[in-house]
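Next up: some structures, all given as structure tokens.
Look at the two complexes coming up: chain A is in both, with chain B in one and chain C in the other.
After this line comes the complex of A and B, so read on.
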């Protein structure tokens, strides 16, 4: 049983890491907490649902849904983040919170509050490795997360844009001085961060039921992960996300499901009391 | 301004004689609940400059405390006191660690607290009965009078709301209130003057939490059932619209906005989901175009007009 809980935990943690990394990346570069981040995760899941219901096979619906989430992320950037850059910190928070409210309740109007299931052929293929059984869909979540982190690493450390992103994280004023288009970097960061959340939504939708409020639950976990990992620290968020998934799976397996939901929060409180700056000192920057 | 406040008070006292329908009276009671919540949140957000999303947590904690005591036969005032005390204690327990964090992390933690309280209310079934809630909360009795009609409830909640607004005014005009606003402007400068930022922020946070708890107690008795929906983000959204459009830091502006935004959505008669979407759009527009709320906008216009008159004379 232990192996099964560990494997489930790693897969759950990979999803958490995907969501939290996008959130912490945007914070590290713009010093903006995107409160609409969880909704991008939700939109990813629902976009996949709508596309599969329209007849597209999951293999086509999934990448299209991720693109759709990227577009929504860009709209959120234009409406809420770009106009509030340079304003007091709460302006961006409130603006993204407003976007989150609009998107979440808009989704409820479109798709109703009833939980839905996203059909995927992979969800019913069970792979048995020794005593552990996982579905192909769960393996896909893991694969997607690994591929996404690899892609992110390539983008940030091996492209011109990535160099601009790292430069912005170090000093936005310095970037302006040498002619880096900071607004473009900001837009790219928000879209990439959002697409990572959307990717998590698309990949995890067939594993769990989806509902318009799923973004709130996801962002609740992502906040805990980002704070524990040190705000703006991408590696910290990835590591803590994975750890949280493992811990939740073990607690849920051996104690109660309620205790499972409290793990992240208790961890956050503990870290806040002992190390307010997070487990990994605030070393942003991918 | 003073005559305007007097007029508003007169209108508030006379309201039950003018409002004919039960439904209008119900809205008046809810307006009082929102007055308490928005005015106390304004102390934290407007005067303290702290964006706290934990207000529904304290509201709900107060509601559950009052409900649990009342169904066991405790008198109303004891339940009210317990709700105040529990909310204040929760405020201190949340505020002490959270106020030491960066401003961004503070907002995230306060939102998490509200979500956690809802999870707790849903799952701690031995005490809260989970999603079924606690029905059958008895009518409150004060000085031998049972508060049964909507008009009686209205005066009870109005008294609480006036006490809350008065306490916010007293606090903001006290040395502690001045210190709080100094910390809002710059905690570094305030600390250089010997003002401990944490102390004044914590005070404001705990006072606001206590008032939210009191509002919860009154609300619980009024609707006679408490369930986990008292922690819904719906409350927070309405409160944000009220504080931001009213003008953070403006006691009168927020009070006016609380009354207006209790009534307006009812007249719009739209579904709950569409109302939330509209509120979100209003909130977004207010943040982008009216950062200091309507009262701030009016004040800026007054200043501009005075300036023009001055220039015309010169």
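After this line comes the complex of A and C, so read on.
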């Protein structure tokens, strides 16, 4: 039973980490809290749904949906985030919140409020290893998370663009002075953050049913993860996401579901009181 | 001459709006969740109401006037419900309201309709408090067509005992509906000597139930009592299948939902209790389901049926009252004997109707009616 709880926890945590990383990445570079992040997660799931319904197999629909979400992220950046850069921080909060409301209700108009299932051949394939049962789709979520973190690491530490991203995280003014195109870096960051959310949506959609409001709950957990891990700290978000998933599974399994839901938010309050800069401060920052 | 013209215009100004009013629609206000966690159900509630109004209008409307459905978003939340109802009553001037889906929202609407006053026909909310507060010695404007949580939990308790189960684990949603259901049913089971081994409460829209289900896999329990609406039940059932559990569900899982139809073969022996089921064999129901499915491309959910019947009942009452005067409508509803698809709807002293409830069980992968009880 313990093994099953641990496996459940790792997979749940991989999902949390995938959503939280994009959110914290955008904050690290732009110092903007993207309230529409959960909606990008939702759009990823629905894009996968529409593509599979149009006849594309899940294996093709998934990457196409991620690209589509990246594009939506870029539109959100041009319409809501770029105009508010350099303004008081409430401006960006209100603008991204507006995007969230518009996208969520737009999805309700397009796809209706009926919960839908994204067909994937992996969703009902149960793999049993000893006493542990997982679906292939869950293993895919885990694989996707690992691949995404690997890709992100390569991008940030081994490319020219990555160097610019790290530089912007350290000092935006410094970048402006030496001629780094800060707006381009910001746009790339938002698109990558959005694509990560979309990736999470695409990978997890067949595991749970999807609905236009699915982003709200997901992004709340992601906020807790980002705050505990240190705002803007990518490594922190990944580690805390994983840890939260594990902890929740164990608390829910050995105590009650009600106690489980308190874990993340108690952790967040504790961190805000005792170590407001987050557990992983002395930041590596991106 | 000018004076005569002015008089004529004056007369027209007074008379025309009244003439227009004579042909004006009779508006039925439907406060319910358009957005939020249960937006899916709100959508069915609107569809059911609109289908009924469409049928009535096709037959010439009521008192020579057309019926119109006006839905206002409550998010199933008491505070939002009150402001939605105020908008319906004061801005849209609806003649009558139907109740909300969530009991806490409907309870908040009760004083609002009493103050106005207009009648309200509750067809979906199940909290026993609504009946306790309505009718004799209480709120004379509120009526309920559907059975209460107490009635359904008691009937379910007897069913569980008849199945011979000796132990039960609870998994219920964190609402009045889930918590009250668990409270009443636990007592019923205790009185029948059935042991409750655990009680888990989850918030609506929860997606991860693996911790509880994994725990249940490790212990021996005869039935898993679930109070969950459609979207949550889908996730429970998916994860149940993943772990290969074999514990029959009981309580009030939304097995009637079109969303879980394909998964039923893994749930033989599971049962639920509902005031309606789209698969119920009855000529009028089959006709209703066919019309509904043709128009909305889905089978009607229980809430669609409930509001469909409520709108028909209201139309009959307005006809009997001969006007939309609130007192006349209320008196007509009090005396109504509406022939619903399942039986006759008539209200007792507490304005509670006692229509049939269905106990449904999954047999050979299909949901069938095993008992038809009076509530």
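The rule is simple: the second predicted complex is superposed on the first by the 284 of 286 C-alpha atoms of A that agree within 3 Å, B and C clash if a C-alpha of one lies under 4 Å from a C-alpha of the other, contacts with A are read in each partner's own complex, and residues count from 1 in each chain.
Everything below uses one rule, namely that a contact is a pair of C-beta atoms (placed from the backbone, for glycine too) under 8 Å apart; a residue touches a chain by one contact, two chains touch by 3 or more.
Small disclaimer: the values here were computed from a predicted structure and weren't measured.
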Combined model on chain A: chain C and chain B, fit or clash: clash
Which of chain B and chain C A:170 touches, first, second, both or neither: neither
Which of chain B and chain C A:249 touches, first, second, both or neither: second
Which of chain B and chain C A:135 touches, first, second, both or neither: second
Partner chain in contact with A:258 - chain B first, chain C second, else both or neither: both
First (chain B), second (chain C), both or neither touched by A:87: first
Which of chain B and chain C A:108 touches, first, second, both or neither: both
Contacts of A:223 with chain B and chain C, given as first, second, both or neither: first
Touching partner for A:98 - first (chain B), second (chain C), both, neither: first
First, second, both or neither for A:8, with chain B first and chain C second: second
Overlapping contact positions on chain A, where the chain C interface meets the chain B interface: 104-105, 108, 258, 261
Residues on chain A engaged by chain C in the complex (per definition of touch): 1, 4-5, 8, 12, 104-105, 108, 112-115, 117, 123-124, 126, 133-135, 207-209, 211-214, 217, 248-254, 256-258, 260-261
Chain A residues touching chain B - in the complex, by the definition given at the top: 27, 31, 33, 35, 79-80, 83-84, 87, 89-91, 93-95, 97-102, 104-106, 108-109, 216, 220, 223-224, 226-227, 231, 258, 261-262, 265, 268-269, 272-273, 276
Interfacial residue positions of chain C with respect to chain A in the complex: 35-37, 39-40, 42-43, 171, 174, 198-203, 205-212, 214-215, 217-218, 230-231, 234-235, 238, 241-244, 259, 298
Touch list for chain B against partner chain A, complex: 51, 97-98, 100-105, 107-109, 111-112, 115-116, 119, 123, 233, 237, 240, 244, 271, 273-274, 276-277, 279-281, 283-284, 287-288, 291
